[in-house]
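I've put the structures underneath this note.
Two complexes follow with chain A in common, the first pairing it with chain B and the second with chain C.
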Partner chain A sequence: MATALAVVRAQSLFATAMLSGVFSLLSALLLVVLDAVDVAFTEAAVGAGISTVLMLGTLALTRRFESPPSHSPVLPLFVVLVTGAALIYGTLDMPNFGSATAPAQVHVGPDYIERSVEEIDVPNIVTAILASYRGFDTLGETAVVFTAGIGVLLLLSGLRRRRRDKKEDV
Partner chain B sequence: MRHHLILRVITKLLIGTIMLFALYVQFHGDYSPGGGFQAGVIMAVAFIIYGIVFSLDDVQRVLPPWVVHKMAAAGVLIYAGTGVYSLFAGYAFLDYAALSPHHPVHGQHYGILLVELGVGVTVTGVMVTIYYAFTSRTPILDDEAW
Partner chain C sequence: MQAFDWDFIVGHMNYWLFIVLMMTGFYIVVAKGNLVKKIVGLNIFQTAVFMLYISIGKVTGGTAPIFPLDMEVDPAVTYSNPLPHVLILTAIVVGVATTSLGLALIVRIREEYGTIEEDELLKIEKEIALQDIRQHSEVIGERG
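Showing the complex of A and B:
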């Protein structure tokens, strides 16, 4: 929370990038506390590692300090407060943390836990679900990552190459 | 960054460890937290840190951009190819039992290993691709600029 406030307040974009890395690392710790080790792993590697590096890379392309805001912050603040209030109102309906009767615990969860040992025989049930029961989803995810990479390539390096080609034509 | 001696020495020591850890996360994902996605990111980090501490030219001599682009595509092909293989072997798409018809549980193991390998290769490729795309546009900063 304090880190998030510091991210908003900091004027130097370098500090902002670093603080958002810290924020990711802290949320990774939070996920470890919640026993979601696989997700925490991803958050630490992607959020705190790669995206900080990419932000620094972007920073080197632009200026290093925030430009002064050009309009009053009242409307954005109002939108953020309303959205936040709606989200908190939504959590009131959620089952208590660790509740045995939560929908997540009674729907397909027990089925996976019971069957994965004899069907897949992989101790890490998360892997078993991701790669085997939900193989289609993971294939889609991989395709999404691939598409994202192609998108960045087209946007960032394709343009430059074309310009160079034109120069050679001249 | 010619004069950051400590950074360069420590990075050289760390890169091997990071890659080893990536391989561990990749192939031990069945038993411990992690899997292709995390391993791919860690493997990419090993190259990116080399690129940061040394230079883009150095890392692109180790891993040229065209190899990275092929990697990103090859991972998806490995994944989808596993599915297509099981299709031709007379099973459902991505039914890993096809990989070892006499022992379906072993088939699941091979299948998960292959599929995770596909995910890992793609993620490494894409992450390094994005890094290259960003940094190859950057004017080279001297140390004083930071």
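Showing the complex of A and C:
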């Protein structure tokens, strides 16, 4: 949380990228505490690893520092506070943290836990659900990643060629 | 209901902390002019939502939803809800895909306009629009 606040303050974009990596790593630790080991793995690899590398790559292609803000932060702060208050109001009738009788716990979750032993026979329930029960989600996810990859390639493919053209013009 | 319900406050503290984190990310997106920083803010917001979901799936006294290797399931062991974990796994991967797309867009914008600050971009855009209007009115004027 302190890292997130530091991200708000930091003017150097390099520091921002590093802090966001630290933030991901800390949130991965928190996810381990919350029993979500698979998610923590992914967050540490993807959030702290790949995202930071991507950000550093972007910084190498653009620039290092942000210019000081030109307008006052009062209006955004107001909007953010109102939204936050509305969200907190929404949590007031949520079940307590860790409650075993919460609606999220009694719906389909127990079915998955009970039946995946005989139906899938994979020790890790998360893997069983991801690849089998909800395989279509994963298919959709791969489609999204594929599309994003094509988009990135299209956006960046002409970069070197255009640079060379510009040099020849000069 | 009594005025100060300690159980209630402790039980909801997780939601509130994640909402504060979420709003930190939201503030960065809205208030900061630098596009890379906006993406970082978006990431913070996203991670806060992930943690909110995972914290909903947590059961007190539960353990990670992985069976022992010999598949002998002990009915006395409670497992945390695996469904949010699956959803968030998918969401993380999709999140990094969108992040990379956004960063690629930023690289392209920088190439085209020479800046990644929002207000400078708006200024340049306005000038381009003004030029367009001027050219257009010249063409119409010639016809008239």
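Some notes on this structure:
Rule of thumb we're sticking to: the second predicted complex is superposed on the first by the 157 of 170 C-alpha atoms of A that agree within 3 Å, B and C clash if a C-alpha of one lies under 4 Å from a C-alpha of the other, contacts with A are read in each partner's own complex, and residues count from 1 in each chain.
We take it that a contact is a pair of C-beta atoms (placed from the backbone, for glycine too) under 8 Å apart; a residue touches a chain by one contact, two chains touch by 3 or more.
Treat the numbers as computed from the prediction; the structure is a model and nothing was measured.
Residue contacts after overlaying the shared chain place A:136 against chain B, while chain C stays out of touching range.
When both complexes are overlaid on chain A, the residue A:20 reaches chain C alone and has no touch with chain B.
Of the two partner chains, chain C is the only one touched by A:80; chain B is not.
Between chain B and chain C, more residues of chain A are touched by C. Of the two partner chains placed around the shared chain by superposition, chain C is the only one that A:88 touches, whereas chain B remains out of contact. In the overlay built on the shared chain, the residue A:53 is in contact with chain B alone; chain C does not reach it.
Residues 37-38, 42, 46, 50, 54, 57-58, 61, 121, 123-124, 126, 130, 138, 141, 145, 148-149, 152, 155-156 of chain A lie at the contact with chain B in one complex and at the contact with chain C in the other. Per the touch definition, chain B reaches chain A in the complex via residues 25, 29-35, 37-38, 41-42, 44-45, 48, 52, 69, 72-73, 75-76, 79-80, 83, 93-94, 96, 105, 108-109, 111-112, 115-116, 118-119, 122-123, 125-127, 129-139, 141, 146.
By the touch criterion given at the top, residues 1, 4-5, 7-8, 13, 16-17, 20, 23-24, 27, 30-31, 34-39, 42-43, 46-47, 50-51, 54-55, 57-59, 61-63, 66-67, 69-71, 73, 76-77, 79-81, 83-84, 87-88, 91-92, 94-100, 102, 104-105, 108-109, 112-113, 117, 121, 123-126, 129-130, 134, 137-138, 141, 144-145, 147-149, 151-152, 155-156, 159, 162 of chain A touch chain C in their complex.
Of all residues in chain C, only 7-8, 10-17, 19-28, 30-34, 36-37, 39-41, 43-44, 47, 50-51, 54-69, 71, 73, 78-90, 92-101, 103-108, 110-111, 116-117, 119-120 touch chain A in the complex they form. Across the interface of their complex, chain B is touched by residues 14, 37-38, 41-42, 45-46, 49-50, 53-54, 57-58, 60-61, 118-124, 126-128, 130-132, 135-136, 138-139, 141-143, 145-146, 148-150, 152-153, 155-157, 160 of chain A.
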